[in-house]
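Order of writing sets the labels: A, B, C and D. Residues in every chain begin at 1.
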Amino acid sequence: MDKKVFMQWVQQRHVSIPQLLLAHYTDLRMDEQELVMLLHIQSSLDKGDAFPTPEHLSTRMTLSLDECTSILGQLIKKRLLSLESHLNEEGIVSESYTLEPLWSSLITLLSRWDEKEAKADQK
Amino acid sequence: MDKKVFMQWVQQRHVSIPQLLLAHYTDLRMDEQELVMLLHIQSSLDKGDAFPTPEHLSTRMTLSLDECTSILGQLIKKRLLSLESHLNEEGIVSESYTLEPLWSSLITLLSRWDEKEAKADQK
Amino acid sequence: MDKKVFMQWVQQRHVSIPQLLLAHYTDLRMDEQELVMLLHIQSSLDKGDAFPTPEHLSTRMTLSLDECTSILGQLIKKRLLSLESHLNEEGIVSESYTLEPLWSSLITLLSRWDEKEAKADQK
Amino acid sequence: MDKKVFMQWVQQRHVSIPQLLLAHYTDLRMDEQELVMLLHIQSSLDKGDAFPTPEHLSTRMTLSLDECTSILGQLIKKRLLSLESHLNEEGIVSESYTLEPLWSSLITLLSRWDEKEAKADQK
């Protein structure tokens, strides 16, 4: 085995997926393609690229450019992804994705279940 | 926000996905459903459950039991997943999944690309 | 490079340290030896060993058995680590470490800072 | 609990420590302070800051500025850390840390053990 490849492996970053997301993405009405798209977006955010384009996503996924655009739209519509606009000092607007709505939805879901359980225990 | 839910969040495990897998799963002829199935299997292995059943996977994914069985079969056929048999001291056979073929295939791919690049540089 | 070693590398688990812990352990009055001891405990918990002994910790760290016992005591005293007792169905008591007090302290710290900042902004 | 703090928690990055490093840093003649310094450097590299200064490290650790400078020197001397110089297009030189020697040393160690074991098995 090639030492150069091994160093590439050892020095790569890892995307960290919370087990609770993996266990409950279907409860958030997401399918596997949507989940993986969010992982690609997380990976881009980790690398400092806050606005991966549908073109970029399409080269990494089994999906066409149109399918990527459509899934991004669905994720925003389902409130699992959102776009933030930033105005820099020179007055130039830039956009970045945020997964905040995803985490917020997941927490709301877990809290509701926890309340239900607490009520069931009281009976 | 609920403190109990927060503690559940903080104490959960994370599944660590190598960026190189996320970048190259399509080069290994995998689609998003296959990738997520391997993540579920990795997550089970991390928890000490070495043989997640199609039934278990089906409750976590958008796929039916038959679809899970079929994708597991495909992954084994494509040599991205394999089953190992273990004989314990009492003579009972148990089975466990291993992702070794996946990592092996990914490394072979990266090594081949590295060789090609090295040759191209020599010209 | 040795393929067997590479597979050992690729298939190992990772301990995930939250950046907020790395940035603020000194604010929780911990030093580097205490932090690394908690990482070893986290690593044991992840592997399903809920009660790593001072002997085990001592073989993994630069510390003697007495030093390990003493640091474990300090961590419990500082409320960054605690021991839980469990009674199983056969009436046997087992003990396990939990990092819940660590996470709780870190969150309390971050919340206090956030409140201070919010008040400062109101002025 | 404060939603803002929770979102800060959920959206933070994690530093991924390979279990093999945690298990074997003492075999590489490192102590806990040196290990944590390397984790801080890894964390900086992950955030895109390739050259954290001793001043920065000192604010995050229990160590004084002089102690940080001294430990950085030791890590370089022990060949666990190195500095790379880069010349950019405008002819300006910048420096960055790399943990490549750490990973290389760890792998050499594991390979040697593996060889010894293989020889022992042959006898």
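Simple rule for what comes next: a residue touches a chain if its C-beta (ideal position, glycine included) is under 8 Å from a C-beta of that chain, and two chains touch if they have at least 3 such contacts.
Quick caveat: nothing in here was measured; it's all calculated off a predicted structure.
Student: Once the contact rule is applied, which chains count as partners of both chain A and chain D?
Tutor: The common neighbours are B, C.
Student: Between A-B and B-C, which chain pair shares more contacting C-beta pairs?
Tutor: A-B
Student: What whole-number Å value describes the gap between the mean CA coordinates of chain B and chain C?
Tutor: Between these chains, centre-to-centre, one finds 28 Å.
Student: Between chain A and chain B, what distance separates the C-alpha centroids? Give it in angstrom.
Tutor: 19
Student: Note the residues in chain B that touch 2 or more other chains, in rising order.
Tutor: In chain B, residues 1-2, 6, 9-10, 13-14, 16, 107 touch at least two other chains, as defined above.
Student: So that we know how the chains sit together, what is the shape of their touch graph: line, ring, star, complete or other?
Tutor: complete
Student: So in the complex, the part of chain C that touches chain A is made up of which residues?
Tutor: Listed in rising order, the residues of chain C that touch chain A are 1-3, 6, 9-10, 14, 16.
Student: Report the residues of chain C in contact with chain B in the complex, numbered from low to high.
Tutor: For chain C paired with chain B, touching residues are 6-7, 10-11, 13-14, 16, 46, 48, 99-100, 103-104, 107.
Student: Taking the complex as given, what residues does chain D use to touch chain C?
Tutor: Per the touch definition, chain D meets chain C at residues 1-2, 4-5, 8-9, 12-20, 22-23, 26, 31-33, 35-36, 39-40, 43, 60-62, 107, 110-111, 114-115.
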